[in-house]
């Protein structure tokens, strides 16, 4: 294990301590619990947006808490859901009178805990809560079974666009509507070239041999759709685009945003090599890329690999996407 | 027969022991079709309940169970932690106001526990989950109690039903949770969560059968 | 080699093509040469700032071309200097009448080429050029031999602060003075846990075994000062701080900026675990951290490891550091 | 003796061959105390010069050498590429206006070449660099020419001086470039750049000695 750490069991909490020290101007925690992460400056009357999930995916999830995006995040252990109670504490802290929207990834543990938290918010604090799950990974379930899909990097667009909607003082129903619209129009496909290691476990619980790749592997190492020898960047991009556009067809004149995301170990250089092919293909199809994001947006610690996300835009989502945002991990002018 | 606070304490202390004894076994089962954390979460969650149960000042057994459920949810917010917590909380709410449980109330406990699990996880029997060992046990108990059998005998039969239910998961294909991605590949493997369900019934059986 | 690429020999150029496609609003190239990278919008009368160096270190070097920072960058092959002629072309393109400052890393190949470019600028275009080299790596030469030190992540501060000085319309001498002041006050130390692979070579030309680390290793794999079993994050930070503060002592009341940089393969979580210890130690010494940066600022592709940079601030450098900046790879409000 | 354009062409074609033949050898030397790219850069840079030299329409040998230097600098902007380029450009500037070189001018070529290398790299003899094979050769040639020796003999002696100079680098410690970090550890290893310097002299020697 090639990792810089102290006690593996303190991985998540020491990360959090470092984050609070580095970004004390913007974020803090509530209920004396490092794992109840909230924005310092909550705008009265604005719909609150909360997320949550396991550690080990920075900047997902807490990295999108900040101006123009989301307001709070409950933080679990590495690849573990936080508890319903932590979610509830965050919910109370960020509720500014207009209700709270939960946006989180489509994983059983998280769903059950967020559902429980929503019940607590309703029963104990009369806070109206709505939920939208991110389920953008086309490789994780076939068409017609979209509700079974895992949430991966595409959730970034939900945070960005729902956050901008809340900033426009849309009400909870509308912020939810916008988040759902993003969900319906965003697709991601990933490729993994190496596993990652959960610090407390100390060894990978799956393998991808040198010179091999697994297309569609999940960010926790969930099995993908094709394991085989490593292809070229252009071939990988073609397969990804085939799957994404096969699932959510685009036509000439459509406008999209593209996100090329590193799973952690893949350097930026390679994301740009991929993007070179993505842009070429989309341009040939007459599709316009309105906004491009490249870098680490949803990772699995040191996992080598990348994912491609395409969001089909309409006037509303485009306007909201292009608004400024500013968090400790993401900044857009 | 009346199940009182002292019995409940013993049941949760027994459950703590059982989950610790089965830690590696659960880990192996979960590693085969999941992420391998089940032994860790169940032993951690139930030993915590065992260590706090005697110190909770609460006469109302419904409220006690609800508190134990909340505690479990906080300690181990994994799928099974949350499901077992939801079962305890649902049953606790349903049985609020009772300082002891008669046979019907014990049947109601299991009935509500299973409903809590099903509501939380949106699962049903046959999905290859914890429900497949809990549900048959609860149904068996309900019937035995209706027939007026002695609770010691009823819980014994319920336990047997959970063992059979667990066995039946071997031939099922997973549709929920991390195992769902394995689908057909999960056939032939015993469900880890259903194993926890059987162990949970076992804890009640071990205490009640010896009263 | 776990890499997403097409032909290894096209690594640098395909990366550049992707970058131009993704960021065509901000950057372009001159002389029909992808490797002559310049900011689109050159401000008349402002001192131009150029850098240059090998590929494989993103965001170093070109990533800092943009608003509030630098204006142009000549780009070499992976770990190779660009040519003097490319530097000269960039120099001509960014000169806005106030002369050009070169800021680049202290490596023989780059020095010789930038010197040659400066001669060309003087002889052929009458452009006044001054140069400052980044030489912040304390592990690369002992005290008294600072001029032999390698330039690593600390060059980011030179770009940021000199860029802000140029934006204030300081003249060439003053922009150079400020860059030199940063150079005199910035120190970095790194640790490597794995090698990196130059795509065209296809195998690492040095090794760091699993469970081992090399303190002070350079970003091209230059030997460090201590090779041994991997220590804890806290121990590594202590050694780094000992070396940095031993070289450039700080006292209670001093203000600094801290940069915890991933060499590529080390995830953000671990940078925060390191920062948790950095901040604790500095706070105990009565030193105030005015601004913290964490993430990928100077990498070696997929190399696992991290570096710690500390910049001692004065009023002027602090003011300039805190000014906004915005490039495709770096954004500060 | 007059070195004319045709001779210069042959020299650069010969240098291209020599660097290609020694590609692996240079790579190995550079891998031991540097980054291992020297074989690649020198073979690439000098074959390029070999392939363009005959097509350059330029009577003035000074300007020709300057152009070859510029080309080398563009093709291989590595340390040695830039140093050799600087040598050619410096010598070209110094010899501007000559359509052929007499013995004194050949000595001036090497003298200025070495000065160009020293100015660019801020190195001096003894630093374990290319200078350690170039400088003794240049000094030897200067002296021989002063003594009025035949250029064929002079260049032979200069070549021998470069061989000795190269050999002397084995016992030196590196102070420049990537090898500098090895310092004492570089002692015992022949300097890669000095090897290029010796091969460079060899190219001139091979052509001129056979005139």
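When the chains are written out, they are named A, B, C and D in that same order, and each has its own residue count from 1.
Here is the rule we go by: contacts are C-beta pairs under 8 Å (C-beta built on N, C-alpha and C of every residue); 3 or more make two chains touch, one makes a residue touch a chain.
Predicted model only: the values in this text are computed from it and were never measured.
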Chains touching both subunit A and subunit D: C
Starting at subunit B, fewest touch steps before arriving at subunit D: 3
Most distant chain from subunit B, judged by the mean position of its C-alpha atoms: D
Inter-centroid spacing, subunit C versus subunit A (mean Cα positions, whole Å): 29
Between subunit A and subunit B, centroid-to-centroid distance (C-alpha), Å: 33
Centroid spacing, where centroids are CA-atom means, of subunit B and subunit C in whole angstrom: 57
Graph class of chain-chain contacts, one of line, ring, star, complete, other: line
Chains touching one another, given as label pairs in label order: A-B, A-C, C-D
In the complex with subunit C, residue positions of subunit D that touch it: 31, 35-37, 70, 73-75, 77-79, 82-83, 86, 120-121, 176-178, 180-182
Parts of subunit A lying in touch with subunit B, wherever the complex brings them together: 76, 79-86, 108-109, 112-113, 115-116, 140, 148, 201, 205, 218, 220, 222-223
Interfacial residue positions of subunit A with respect to subunit C in the complex: 1-6, 11, 14-19, 21-23, 55-56, 58-59, 191, 193-194, 210-211, 230, 232-234, 236, 264-276, 279-280, 292, 294, 296, 299, 301-302, 304-306, 326, 329, 331-333
